[in-house]
Each structure stands twice: as structure tokens, then as C-alpha cells.
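In order of appearance the chains are A, B, C and D, and numbering begins at 1 in each one.
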Amino acid sequence: MSVLTTGPVPAAGVTTPAAGTGRQVWRRLRRRPSAVAAAAVLALLVLLALAAPLFAQLTGQDPNAYHDDLVDSARGGVPLGSFGGISADHWLGVEPGSGRDLFVRLLYGARISLLVALGATALQVLLGVAAGLTAALGHRILGRFIGGVTDVMIALPMLVLAIALTAVVPPDFPRPLLLVLVIGVLDWGGTARLVRAQTLSLRGLDFVEAARLSGNGTLRIARRELLPSLAAPVITLAAIKVPTNMVIEASLSFLGVGVKPPTPSWGQMLSSAQTWFRADPAYVLLPAGLLFVTVLAFTVLGDGVRTALDPREGSRLRVGTGKERTT
Amino acid sequence: MTEPLVDAVDLVVDFPVGAPGEYLRAVDGLSFTLEPGRALALVGESGSGKSTVAAALLGLHRGTGARLGGTVRVGGTDVGSADAGELRRLRGGVAAMVFQDPLSSLDPYHAIGDQIAEVYRIHTTATRRAARARAVEVLDRVGIPDAARRARSRPHEFSGGMRQRALIAMALACEPRLLIADEPTTALDVTVQAQILDLLHGLREERGLGLLLVTHDVGVAAGSVDDLLVMRGGAAVERGPVDRVLSAPRAPYTRELLAAVPRLDGPRTPRPRPATDADEPVVEAFRLRREFGRGKRRVLAVGGPDRAEGVSLAVRRGETLGIVGESGSGKSTLGRMLVGLLEPGSGRIHHEGRETAGIAPGAQMVFQDPVSSLNPRRSVGESIADPLRAAGQRDEAAIRARVEELLTRVGLEPGHYDRYPHEFSGGQRQRVGIARALAPQPSLIVCDEPVSALDVTTQAQVTALLAELQRELGIALVFIAHDLAVVRQVSDRVAVMRGGLIVEEGPVDEVYDRPAHPYTRRLLDAVPALDPGLAARRRSARQEAFA
Amino acid sequence: MRQSQISRRVAAVAVSLVLAGGAAACGPEDAADKASAGGGPGASGSAPQKGGTLTVLNNEPQSDFDPARLYTSGGGNVPSLVFRTLTTRNREDGPAGAKVVPDLATDLGRPNADATEWTYTLKDGLKYEDGSPITTADIKYGIERSFAAELSGGAPYLRDWLVGGETYEGPYKDGGKGLDSIVVPDAKTIVFKLRKPEGEFPFLATQTQFAPVPKAKDTGVKYEEHPVSSGPYKVAKNTGDGETLLLERNENWDPKTDEERKAYPDRIDVRSGLDAAVINQRLSTSSGPDAAAVTTDTNLGPAELAQIGDNKELASRVGTGHFGYVNYLAFNPKVAPFDNPKVRQAIAYAVNRTSVVNAAGGSALAEPATTFLPEREAFGYTPYDPFPAGKTGNPAKAKELLKEAGFADGLTITLTHSNAQNRQTSPEIATAVQQALAAAGITVKLEGLETNAFNERRWDAKNTPGFFLSRWGADWPSGGPFLAPIFDGRQIVTNGSNYNHAQLNDPAVNAEIDEIAKLTDLAAAGKRWGALDKKIGEQALDVPLFHPVYKRLVGKGVKNVVISDWTGVLDISQVAVK
Amino acid sequence: MTGFVLRRLGAALLVLLALSAVVYALFYLAPGDPARLACGERCNPQQIAQVREQLGLNDSVPTQYLRFLQGVLAGRDYSGGAGLVLHCDAPCLGFSYQNDRQVTELLLERLPATFSLALGALVIWLVIGVGTGLLSAVRRGGLTERLLTVVTLAATGTPVFILGLLLLMAVCAYLRWLPFPTYVPFGDDPEQWAWNLLLPWVTLGFFESAKYARLTRSSTLETLAEDHIRTFRAYGVGERALVTRHAVRGAVAPVIALSAVDFGTMIGGAVLTESLFGIPGLGKTLIDGVRVVDLPVVVGVVLTIGTAVVIAGAVADLLYAVADRRVALA
């Protein structure tokens, strides 16, 4: 395809391979307070998610235990008490209808969100890099074929196919793994395009030619010469993908094809909460707020990583320093 | 002549770098004047601050965070303190600038005539129609054929030389008193360069324009200006009338610079006797052809039109074959085919007498761009060691020893093994590239424009290194370059390429002194001479030829 | 209708059913109801007048508006405005509304001695919308059409009951011979010959398949675009396959021939495809034309009920109804460990019906059930509770039984449910059951299937899951269509849709079903259905969970709301907006 | 130009063919018997068999697929009862299993809603998104830019259904400024159409605006740093004229072209928004179809969406090529 359809092209281009060493990137990243704050939020969240069983013990609340006595059955099961039934036992109140503890369920939900988002991203990067490299370095016909498949993958209505796929797979297949697979397998097209484009431009660079002249095989060149240079754009893309995948997971759960109950997930909670916004606003705002903060934190961090990897932004508007050119 | 056209006093320009408050000094207390109608060249190597000075004359640093010190007056306007309106009147109206890259310097979305007209209307009260007429007029003046029609074309429909003419036309539009040309010919082929320089010269004579020429090429300056100002590190090293500076440079740096400039007329370092014809050629090419693309977009790169013979050549041990040609002549494509990076479309290549396909064993390459030729993420030692490892060498100590030996051999230090490319200068990187090429002990090295991205002083060092290595190791060299003087310096034989074919080939002295092909003659004539007198004679000769 | 389900068609069925309903008892909690004429909600005061436009805001479109294709209970709500049938529902509130009454026919039908032959005579002066007379030949043709594969849909009874019905392929393929078991001696008389005694035939004759279709006007699958009306309204516009349906008065309908339909409004404007939330929001705001709006298929959700709370004005506009329906846990006793009655009983003891009712939307939307038959007189409801679990389950007793069954260390089983968001066979109910059984040491793994897959699994006799959520609704208010398909051993279908999940084939039960079918005294039949229910219930072949309750809003300007125990929703033919 | 169109057309057809084949294959793996779905509740085995025969489900999957393709290209005939033959004109996508409506007709009916939604969002992001982007690029470092950074970050951090839900909650439930949105076709009442689509537009437009503001900003900055801008600055062209005359076109060309792509994607991609606001569009149709394994509807919608995406891609390239004559149509 042409110029435009080259997919998501993050600002970090390979054409400036001098993104700097890992340490420089790290230093630049640390200088951005927003990125640091986002990282802190995420670290806290990961910690909380990991410690979910601990909190369950601490509060004495099983995430799946019903409390029929805490909801008003005659009024549709709305939690008794104020703010969605907040009490010493139930720090963030309980779920309408079942009386399950919201705090512990939110923590367990975080595990799913994080697991699926990170897992799917890893799979996307893996598949995308493999496909992109093969398309760029393999035989011309193979390259075209992969390019075509990539185009199809990008054109596919991802959410819809994900829904369809989750319906096809046997119900006893582990759900979080299924989500990772579905999101990962359906959404690597962008990464593949990026890697292919970047590889093609890298391949024309002299140092790659020099490596070929030295008698290196394609695989060795890909591993030693290309992959390190692809790291920056791929990391940037991955950083953008994590929050996207988290939203996709939440969307699938929101549409009712995510993880299976009683496993809690934020999207699922939002899905059942959507009718409750007037009767029990806390039930909507808690998962919505958490999801928002998490996705935002990932996005901010991703943005920070992108800028750290591509420090050109700031130095663009300089006049009169055009390099002398010859040839 | 009450006031100089340009009067710079203690000009200082600092650029912000990295953290706030950190600055890099680009121009350091430069003072000079330019009288109306005179021409001054700012000459220097990269980083000397010459382009920054040019931009400062028009106040182009405003709003970029750069700090200016000292004063600059252009046509009576104090650039440093002028308000936005005064500055706008100055720009284009009093002083007009011609930039280096004519393609990117024009707006791709608008017709060239409209762009000129737009500039004209800013400085005059002309109607749209009058402005368009003026655009056609100046385009016609700079030698655009059929100017009325071509004014409606967009930049990409023009050739490089035409674009530069159009830029000059834009500069002329408002009848400025000063023309600032920042590397106006650097992106152009040598024959086109000569035409543009002639055009600038003619305009000066015709309109009495002042000219400030910024260039890295002393040759370009020699034929075009009255005075020369040699810059280094943001300050003036030497200034004076062009004849005097070129013939009797006073500053050591100027002398060094001039000595490094390759000349067509200078003495050649004696070459060792090349191997005799009886030797088997290290590389031999038969009727090579190569094209890119298909159908309408087919581009013939090497081999000329369909019925032509293709390209055949042979290089022997210890011999250097220079290949010269302008851009698009197919010289780089040919070079890549010789080492096997590109498959020939047809024809055969023999290395050491055997036909090869794909990467040729024993063939290496030195690339043009010192930035992209080294992997920025690997230490230079690893880059040099790469061919060794690829060849199956596993003994780490032996590899390290060999790489350190190579580093020493190309004039670097063994301790540089673990450094990364960005820690080196362009010349040093090119040395690393040479070391890498030497590592597998090749019999042939193809150098594709190995010095064209380097400053002249560095150029000289690198070419000297190459010659020395060849003498020592007896390698066959193919030296590809657009710069005829450089090729003359390093080659035994030279092949002149045009349109994918070798139009002339022979021993260097023969081809340079008695060119047989008219194209070769044109090329040689177009090369700027360091002698202002010779440049003037050549110019009038060219003008007669075209008259 | 039986299981409702998710597919749109099926859901449409449910809708029509619901629509079909008449007046229901108003819930005791609806104090404001007393003011209104019918006992349902609605503006009180002045008597209902003719005129105006009634807007129906629905979720499911009124698709396939062809009498051959509709699957209704009692002829449906909207369909019944256009299609008159031999018999119909009694349009009255509560239990009285569960009775069947004559419509086109002069009486409920005259059976022969063993109830295998039913004869009907048409009233005088019956006309189609074009003024031409309605004949019994058209009724015969209408029924024959429903056998055509092109016009799929509808209930299976005609096929099962009529002689030759199982092989008949409809009038388009029979070479003009017709179905011999329907005899039309003259234009006013029609006789049905059945394979076996069916005392409840008058109930069947309420379904839209018994509506007359003039052969000359039959346009096959396109008939649904403009079916010929025999009722008080005719189709003025039908777009999007019933997504919007505009009905206008049929001037050729003679109210003198029709005692049931009041037909107050001049126009009925049915708008569907709306989200439940939107429907309820519009009805509660009730502004502009929405003041004269009702819904026939959308319940108030739990959150909306929570919100209505103490708002008296809103509460007064909520109609409460009961449709014969049961949601239950089904067992397949051919699958271990459910072959062990003690295990099934243990589960019956362990179930926490409070959690389940809460999951179904709370006590306003569901009533805990221990009997299979709904708690309505018409079904022959007889209370019983063989495995008393109390309000929140009896895990101790359950553990004891498990121990006896040899599962002292607990037990792991799989519960199959659907992923539909219907609060009936959905994940919420399944997790509530899961939690309750956990207390009795039973680990429940959940297997959630998409609706179609779920239905296919539970209807597949060869592959029925061992333990799953199921539900059943009545095609008419009687024990027959409730118990026979579920427990009659001869109705086990091995390569089609099987509803006898337990695959019970008990000769005694079969014989009793046959015996009751012979009764044409429906009250007597009711008692015996109730007794049969109790007898089967003791075998713990299923665990009844709850009977759903319908809570629906009407607009501020809606009068004469009648909700019968047949349909559980207000009857459109009774509603007035002036 | 002709070559370009032909090549794009060929590629597009291949993509669509592949798409339909994938969907077909996928759905035959899915559990669920279409005949039973089409037949409805309580069908007996004979009826199901008849329906299966009528739908041609007894043939092998490839045969069915070929017949489907034939229908798309040349139309198909179906038996409609009463001697009626239903002719389904090309492009015939078959009949829905669920309610045996012609899929083509169904899609045509749903398209306006989706189109309305996408159109409003497009207008919002072109006006607000691109406008803000330009503004913040011109006033670098100003308040607009800072605000924009925050808003765009927040936007990328919000799942569409959360914003939609919160908007519904605030605007409809608490403030009661608007009634609950119900889709009203433009033809019925343009004013109601707009009012009812306002929230969905805002929801969708917000996200796209944020994205486009960011995109426009960086694109404009990039253009402003180009050499030709420097040329005109050096000839005394004022900053405003630089932006409006020389930067906007280059900066906005890729943005506009990308808009075409996004518009195409939105034809199928607004599943969540349609779902949340109950807009009877393609996305909702698709989700409903997938849930009940209604193959003809799903294939139909996917093909429609695919076509939209492909057309949008081609339009984008054309727009881009028209805007930037340097780009050859490749």
C-alpha cells in the first residue's frame, strides 16, 4: 500500500539510529516527572494486584462470597447503606445483587487487566517482529504474501473477530490465556508494518550492507544488526499498545465475552454496572476510575518512553545548521 | 558609498543545547564588512560557523532560542534590534538568500511562479497580475526556458539546476542589494554547478549586487568573489582579496586547507608501477547491465540503453581504478555489483578468474556516509571483528588482537575497541570503516565516495591512508567519486561514466590531460579552479561556447 | 412457548407471548393500582374513550408478521389486534384472564366423545379488511400454510396432533390436495381430526395459525408485509421486518362480533429495536407522545427498580404481572454423579434461593420456587417442597446426603449456563448457585456458552450436559404444555430439540399425561396436573429456582390497563389513551 | 492513474475475498446449527431438515461458499412459497438465518445510522481536533499546548465506553439536559436526529479530536521545520502567512488523508459506541449477528466494513496524492 497506509508510525524513526544507549534513555525518562509518577502508580497497582489474596485475607473477604444480607432484595438488590454499602468490612462497598466485596474484586480484576494487556502486547510484538522481518528480508514473493496478510489483518474489524473467536473456542479453555491469544493474534498487523518498513529502510543502510559483505547470513544480520536498531521503535509501539490492549480487554469483557464469571474483571464489572449509575454510582465510578487511571498511567509512561527514545522533538526548529551535503 | 552593505561587529551566536542555560558557541566575535556591489566568500569546514553567520544577517535566529551578541547591520538596518516589520522588509527586499538544497527550499504545493509572485507582493504593492508578470520576468532572466509556461510548474517538475535558478529568480524578484548564497551549488553536479556560478556572476555584473557566498569549497569561492574570509571555529582565520589569500596564504590553517584541496593541476603523488597486464585481474566484469523497476518506472542504472554493450572492466592487483561521474551515472550501482551486493541484471563478474554470484569472497567495501556505515549500537571493535566472526573465527583473544592491530594500522588506538561510533569524528569513523574492510584480508576494496562527506583536510588524510594501505597490501581498489580532482589523486586508471556507460577509460594522465570524449572535457572544464584568473578564463570560454 | 432464548426469533416469540397476555394481578405492593379501572396501573378517573395513538416502545421487533410464522401464547399481543382466531384469551385481570373464550367461533369447540375430533362454527358477519367474508376454508388454508418450510416458525402442536401432520409439507408442495384431517363441510364449519385425545384443543385454537388467510392473497414469504386483517386493526406500514409497525383501524371489523377487543386508540404505533434502558427512561419521563406509550416486552431492571424506590408517582405506573414460567436447575441423570438421587437431593437442599432471586433482580422480579408449575391457579398449582432448603439453603443436610451418596470429601461438578445477559440462564444465576453449593462442599465449575450453543447443548438428547440452568414457559395457561414436553417419555426427541432434559420415560407418568389430556373439563384437569407435578418433583429430576415476575412501566396518559395471568403484561386491545 | 486504480481495485478485491473466506471458515468452526436457528424454537427434526435443505446447508462448505460468491456477483433465487421465487439481486449476501431478511436490505437499512455517527464524529475531529492542533503548533509552549497535552493524554487513557457512560450519567441522568438518546433517522426528523446523536458524536469525536489534535500539531511542527518554510521566512513572509499559506497544506494533507482512513474504519469500528447508545448501526448488527452465529449477516457486515476500509484507504491515497504532487500513485 502507499504512503498513508503505512500504519501507526510513532515518531521514533530508525533513520536516526542514534537514540542513545539504554542508560541515556533511562536518564531522560527519569527527568520527566509525569513518567515517573505514572511508573509509580503502575508499580503500586501491580503490587496491589499481586497482593490481592493478601488483602482478601486481611479484610476477611472472599472475592466471590455472596452477602445476601447486605442488599435490598425488594429494590432490585441495591446495596444497603450509603455509598454502595461502604463499611469497616467492605472498604469500597459491595456489588448490587450479590453483595460481593468490591475492593477485593477490584484487586483481583487488576490481575486480569494487567496480565492480559501485558501478555497480549508481548505476543503482538513477537508476531509483528517475526512477520515484519520475514516480509522485509524473506523472498520477494513471501514478502508480498506477508504484506498482503498484514493488510488483511489491519483491515479486519478486530473487536468483532475477537468476539467471534471467543465464541468458537471451547468454553473450558483458560479465558485469560484465550484473551491474550485472541488480542495478540488479531492485532499484530501494525507492528509488522512498522517493523517491515523500518527494516526495509535499515536494510539499505551501509552498515547492514557491510555486514552482508562480511559474509553474514540473513538470520545473523537480523539478530545482530537489525534487531538492536528496531528495539527503539518497537518498544515505543509496545508502550502504546499496552494501554490499547487493556482497553480492548475491558471492551471485550464489557461486551460480555471476556473472562468467565465469577472471575472479576474491570470491563465485566463496568458492563454490569452500566445500568446502576443512578441507583449506585459508586459501583460505576470505581472500576471506571481505576481503569482510567491505569490506562492513563500506561499511556503517560509510554509517551515518556517514546520521548526518551526519540529526543529529536526539542531540537527541531534550529536554523542554519544544515549539514553540508555532497554527491 | 556612504555605508557598507553589511557591517558585522563582534558577532556572537550561541545555540542552546540540552539542559537550559547550556549554550554552544557557533560564531565567536566575528567582524567584517561588505561594500555594495562587492562579493565576499565565507569559507570554512563544517562547524566553522559560516552558515550561522549567513542566517544571522537576516535575523533568522529569532524565536529559535539562539543568543546573539555584537551588532549586524545590513543595508542600514540593525538586524539585532529591528522590529518584525523592519525585519520583514529587510528579508528579501534588501537582502535575499539562496539556500543549499533547491528541492526542499521551495514549497512543493505551489507553482514556482506563484511562490515568486508571493514574495514580490510582500515587498511591493503590485497587483497579483503584475507580480506574476514579474515572476515570469525574473525566471526568464535566470535562464528558465519558456518561463511563462514553466512558471506554472511545481518544484518537483524542475531539475535540480532549474530549481536553483528558480530560487535565484526569487531572490532577484525584489531587486535586493545583497544576495546571500549559502552553499548554493553543493547539492548540484559539477557541470550544473558551473552554470549556476556563472549565472550568479552575470547577475552581479549586470545589477551591481553585493554577494555573500558561503561555501566549503575554496574552488567555488575562487572564481566567484572579490574577497575571501576563511573561518574556523566561529572566528575569522584570515581575510583578504581572493588572489592574495589563494596565492599567498598567511595563516597556517589557510595553508593547510589549501594544501589539502585536491587539484586537477597539482602535482600527483607518484604511484607505484601498477601490475602488468599479464597479471590476472582481481575482478573482471563483462557486459554488466542493471535496471531498477519495471514498466513505466524502469530506470536504467548501468549498461545504457537496450542495445548498448553494457559495462566491462578489469582491475588488477595493486591497481586503483577511479570511476567518476555525475549523479545518476550508475557508478555506485556498478560498485555494488562488483562486490556482489547487487545482482547484475545481465553480464558476468569474475573474481580471481572465477565467475561469482552473490557476495564475492575477498571483496570489501568502504562506504560514503560515515554515520550510517557503522552500526550505532555496536562498539567499533565489534564492527571490525564482525567479518572475522562471520568467517568462523572463535578465538576471542585472537580476534581482539587482530582488531587492535587493524585499529592501529588505520591510525586509531587499540583502546578504541570498546568505543561506540558516536564518540568518533567523521574521519575517524571512515578509518574504522577501512579497518573493517581490511579485516578479512580482501583482494578488492570498492570505495564508494569514501571522502565526499568529509572536510577537505580530513579528505586528504583518508585518501592518503588508502593509498598507503594499498601500496603496502597490494589490494586492488575501485575508487568511486564525483570529484574529479580526488580521483586523479588516488587512481592509476580512470573510467568516466555517464548514463550507465563508461564513455572513456584510460590511464589517469592520459584522460585528464588529453580527454578524448567531449563529456570528459566538459566535466574537466566545469571543475572550479583554485586560480581566480584561470576561473575567469574558463568562464568566458564557457560563455562563448553557449553564446 | 417454552424456553425463551436469545435468538431474536426466539426472543420475538417471548415478546409475542408476553404481548399476548391479558390482565394480571397487580402486585400487592402496588398500592396506587387500586385507583385504576382494571387494577393495573395507569391514570385513573375518567372512563376510557376512543381515539388517539398508542405508542408501543419495544426492544424486539415484531418480525415475521405472518400468522403462519408467529409463535404466540394465546395469539400474541400486537398480532391479536390484526389476526382473529377460532378462540382467544379472556381479556381480564388476573386469574380470570387465564381462561380461553370463543373469538371467530361461536363456542370453544365441540369435541367428540374421546376428544379426538373438534368441530367449530363461525359467527355471522365476519369480514376481512377488504370487506370479503371470512370462511372456514381460509382457516384451513391458514393452518396448511404453517406447514410450509418457507414459512418456518410457530408451535409444533399442529404437526404433532393433527392426523397426517407429521408428514404434511404445506400447500405449496401438496399438489392442491390439502391436509385431510381438517375438514370444511361448509363455509361456516370446520372439523379437526386428531391422532389422540386432546382436551386442551381450545387453547391451541388461540394461536395465530388459526387465523384465516385468503388463498388468493397469499404471497408466500411476502405475506408478512401486509397480512390480511380480520381484527380491529390493519397494517398501514411495516418497515424493517416489524421494526416499526403502524396499525390503523380496520373499518370492516365489527365490534359486535368481538367481545374481547376494546380497540380504543385509532392507531397503534409499534417502535422496536430500542434498548431496554431507553424504553424505561422514556416511559418514566413520559413526555409528549411517550405519555401514551407502553411496552410489551421490556421489564424494569433491578437498577431501575432501585431507583424508582420511593417515588410514588412512578411506582403507581408500574404494572406487575405473572406469566407461567419457571427457571430451574436441570439434571441429566444419565451422567454421573447425577444418576445418584442423593446427589440431586443434596443439591436441592444446598440451593440458596435468596441469592438466586437477588441475582435474578431481587424479590420484585422473581419469586422463589419449589414447584415446577407456576403459582397460578390455571396451571393447577399445588404447593409442595420435598427438599426444604429454607430461604438460604441447608448445606448441613446437603452434606449429610452427599456423605450417604459416598461423597464425604466433597464433589466437583460442572454447571452449564448461557452467556446471555438475561438474568435467567445467565452467569449471575450460575455464580449464585456456585456459591451456595460451595457451602455444602460441592465445587462447581462454570461452563458458559453463547446462546445458540447453549440451547443446542441442552436440547440435544444425545449430549445433554449433566447439570445446567434451564427454563420453561407456557404456551397456554395449563399444566399440559408445562409438564408434557418436559416429562413425557414419548416426547424425548433424539435428533431435534429435546426438552425432556431428564429423559424421564416413566410409563405411569406417560399414562397419567394421556389420561389428563382426555379431560375437556379444564378445572378437573388442573387438579390432576398439580398432583402429577408433585409426584414428579419428589424424584428430584430438577431443582426449581424461581418464577419471574414482570414489572413494566406505562406512560402517564395510559388508561384501562388489564394484565392477565395468561400473559403477565398489559393487553393492548384493552388500553385507552383518551 | 488508471493503473493505480486497477491495482488498488485488484488488491481490494483480494482482501475482501480473503476476508469473506476467513469469516466463512471461522463460522463453520463455531458451534451452533444455522438450520435450527433459522427454523426457530421448537422445530421438529423434519422441519429442521427441510430448512437445512432450503438453505442449502447440506452441501459442503466450499460449495456453499462458492454459491455465496455467485450470489454476490450475479444474484440468487430463493423459493418463497406460494409459487413465489424470490430474486435476490447482486450483490446478494443471502438471507439472515435469524429472521430471513435479505442481508443486503438489512445492511442498507443499518448503514445510515452508522454513517450518521461517523459523519458527526468526522466533523468534530476535523473542526475541533485539527483546529486545536494547528493552534497549539503555532503557539508553541502556550496554554493551549499544555491543555492539549493533558486532554489528549486523558483521551487516550479513557476507554470509549467509560466516557460514553459518564456522559450518559451526567448529561441524561443527573443534569437532565438531554433525554436518553434514541436513534431517529435523518429523514424522519433532522432536528431530533442531531439531538439524539449529539452524545455519541461527542463521545466518539472527543477521542478522535484528541488524536487528531496531537497529529496535526506534530505534523505542523514538522512542516514548520522544513526548509521551504525557512525560505519564505527569509523572504519576509510573516509567521501567520507562513502557517496559512505554506505550512497548513503540507501539515494537514496527511491528516485529512488519515481522516478518510479513520472514517472508513469507523463504519465498522464504532461497535462500542453503537452498543452503548443503542444506535442500530452496522457494529451493533454485527455483534448481534456474531452472538447468534448468523453467518450471512456477519459475512455481509464484515464485507461492508472491509469495503469501507478499502475504499477509505484508496480515497486517502488519492487525497494525499492530490494534495502532495510529489507523491506518485504507487
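Note that in this section a residue touches a chain if its C-beta (ideal position, glycine included) is under 8 Å from a C-beta of that chain, and two chains touch if they have at least 3 such contacts.
The shown structure was predicted, so the numbers you read here are calculated from the model rather than taken from an experiment.
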I'd like the most central chain, judged by C-alpha centroids against the all-protein C-alpha centroid. D
Of A-C and A-D, the pair with more C-beta contacts is A-D
Just how far, in Å, is the C-alpha centre of chain C from the one of chain A? 46
How many Å are there between the centre of chain B and the centre of chain C, using C-alpha atoms for each centre? 88
Inter-chain centre distance, chain A versus chain D - centres from mean C-alpha coordinates, in Å: 23
What whole-number Å value describes the gap between the mean CA coordinates of chain B and chain D? 50
Can you list the residues of chain D that touch 2 or more other chains? 30-31, 227, 230, 291, 293
Contacts with 2+ other chains: residues of chain B: 60, 99, 101
Note: chain C residues in touch with at least two other chains are 277, 449-450, 453
Seen from chain A, its contact residues with chain B in the complex are 17-18, 21, 205-207, 209-216, 220, 224-225, 228-229, 317-327
Given the complex with chain A, which residues does chain D contribute to the contact? 11, 14-15, 18-19, 22-23, 26-27, 29-31, 153-154, 156-162, 165-166, 168-169, 173-174, 218, 221-222, 224-225, 227, 230, 254, 257-258, 261, 268-269, 271-272, 275-276, 283, 286-287, 290-291, 293, 298, 301-302, 305-306, 309-310, 313, 316-317, 320, 327, 329-330
So in the complex, which bits of chain A are touching chain C? 64-66, 68, 71-78, 96-99, 167, 171-172, 256-257, 260-262, 272, 275-280
With touch defined as at the start, can you tell me which chain D residues reach chain B in the complex? 226-228, 230-238, 245-246, 249-250, 323-326
Contact footprint of chain A on chain B as seen in their complex: 15, 26, 46, 51-52, 54-56, 60-61, 64, 66, 99-101, 182-183, 186-187, 216, 327, 336, 339-341, 359, 361, 363-365, 367-369, 372-378, 383, 386-387, 390-391, 420, 422, 433, 436, 439-440, 449, 452-453, 482-483
